[in-house]
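These notes concern the structure reproduced below.
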């Protein structure tokens, strides 16, 4: 069986929990124009288990996006060790991971399905199976068949984000990195997409790192909420979310949910002080 | 050197049209409207008692304009009560248009421009001509062995197409195996190629070519019958009718200037040199010597023109279809009794 | 995507309305100002000239158009290749741009003799001059398009381990097409001007002539109605080249013009 497709049924290997993402004393700093170094992310340790859904919340400038980009291999750590599935991100042996950006970041001259096809074109996975994956993936995110051949400019903001999600899922990634993907959408649409995202995650069980500003969204989605602080950016708290899956819209109305959100918010305020 | 950059004006006009025809129209009307005002504002002369007028040349100051400058230097204009501002020309300067429109009183032109202008309702009329014969020629290398225009063959000939002289040549010469290319105003191509011929003025290009080591031979276009008066003084129909005295005075002064220049060009040439940095004393001296035989100076009727010559010219222009038959009356092209 | 019929009426109707207005204004200026024909011929005088010389004008326009199209096509090819080179590194761009600017600023009078020395009198030189004059907008606009990419999309390509070649052909080049079309529209008019200027210098030999010859000789002979007729033909030629680009844009490049 193809190792990529096996990730659908993956939970753990031989019963031992595996760290999918591991950060050991990872640090990131930039040299500014004066030559002085600005630390964006102070020495950070983090382990994310296989198939875990982890949310990152924090004020702007706390380095949460930087953390995501380091994991993606889009930026290199200044110090420390970072591995994804045991490999250094960006190295040729690293397993494919997918990134969902804050903007849909679709190619304007490609239709929805052509956009979803792009990762397969680039990786050389355009076989019969790949073609089937394109349609499956678009259906999975709830894009109606008649919209598959539409250009991004003809789709609504929510639809575009669905296409962006479908493009991330089409490669059957083991790790999905999401950088405030629903920030630009209205509350109702965001809630709806949250529920759909959870359903897909439950079905496919990839490892997720989800960056957001919205505490309720973080709590609703994840198993762990990492509260990040700034100056320098760091993980200030690692909170276990005490709600069982499947989670439905009804959870948002429970008192315990509101209470936990309150705890996270309090932590955030403490950090921001 | 005589017609270096004639393409400039059309090129500019095309670009302008491409931008907007309307803007062009507006510009044209404003330009025309402003013309007379400009001359008014410059009329605050520094020499009291003198009438301030302007004379537009058709090219940069060269030997072909020597007499007009001589008249200024020797004070002939002042004797007639005139303060003349000589405006040097250049590529594509609309001398006929400005004089016909009245913004400038007098101009210098080649004879064929007069009937061509009249055909377009530009009422211009010739007064006197310093050069009785045209210096227009074709310049070939001595090595080509060509000694007559009729023998021009197997060469590349650079000349402005569609002009009176060039159309006349293509009408009347066999020009066997002659490739006609546009004249660029520079002798470079001529110097490089022994099988190259180019249009020229006898007083200008041959000197430049000889200076660069070539042995040029000139074949005058007048030899085959096309011989318009050159560097002639002209004015507008309106000025001639309304202020004949001015036209007469101006003609008289210019005539004296030319006589003076042909007798002793030294002072004038020194002045021309300061006006046109491209001119060397040798080039100017060569120019005068080349012009002198074309003037028939010393004849009693120096400067005067004849109806026969104008008739011939108009008939020639009609023959090459630059002029519609009967469109222009030869006797209207010049003032026969200004002297 | 579908354009309503009223859109077509505006794209064709409005310019026509302007044309009628300009003609009326033009005639009014000539009539009221009592301008002589050598200064400003009226639209009727010009129309008369055009009608009388229609066969010649058609030939001139065709010949100039051929050279303009050829020059435009050449500058399109050369411009895109140069822009692709420029897009590959800042170093190449920095070392190459001054020479690209040369094409925009060089006074064509200065190099026309050189062009003729190299390519001889005739069509080839006319095409070369048209190319030189119309090249720069293609280079700059295409280069700008190639280096202006959505950073998010660049990240996406990197995440998927796209090769440099893939980034160029799947991201940079398609994204540059709309910039290229803008450059082409600027360049099309310049190609016509270039062909006419080329004709002033080089010509085509005896018999066969272009608009450049016609405009120059009309100007030399003070034939203002003919001069205007020549200008109108060159304008129409420019409009024609421009329109053909717009058509290509509409029918073949629609996907990339967003």
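Going in written order, the chains are labelled A, B and C, and every chain counts its residues from 1.
Just so we're on the same page, a contact is a pair of C-beta atoms (placed from the backbone, for glycine too) under 8 Å apart; a residue touches a chain by one contact, two chains touch by 3 or more.
Bear in mind the structure is a predicted one, so any value in this text is a computation, not a measurement.
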- Any idea which chain sits dead centre by C-alpha averages? C
- Query: Which chain's C-alpha centroid is most distant from that of chain C?
  - Reply: A
- Query: When the C-alpha atoms of chain A and chain C are each averaged to a single point, how far apart are the two points in Å?
  - Reply: 49
- Message: Taking the mean of the CA coordinates per chain, how far is chain B from chain C in Å?
- Response: 36
- Whole-Å distance, C-alpha centre of chain A to that of chain B, is 83
- Query: What are the residues of chain C that contact at least two other chains?
  - Reply: none
- Query: Which chain B residues sit where two or more other chains touch them?
  - Reply: none
- For the complex, which residues does chain C have touching chain B? 22, 25-26, 29, 33, 35-40, 109, 112-113, 116-117, 121, 189, 192-193, 196-197, 199-203, 205-206, 209, 212-225, 227, 230-232, 234-235, 238
- Residue positions on chain B within touch of chain C in the complex are 5-7, 9-11, 13-15, 17-18, 21-22, 25, 28-29, 32, 92, 96-97, 100-101, 113, 116-117, 119-123, 156, 160-164, 170, 175, 178-182, 184, 186, 188-189, 192, 322
- Query: Within the complex, which stretch of chain C touches chain A?
  - Reply: 150, 152-153, 155-162, 166, 170-171, 174-175, 177, 255-256, 258
- Under the touch definition given earlier, write down the residues of chain A that touch chain C in their complex. 72-74, 96-99, 101, 103, 105, 107-109, 118-119, 121-123, 151, 153, 171
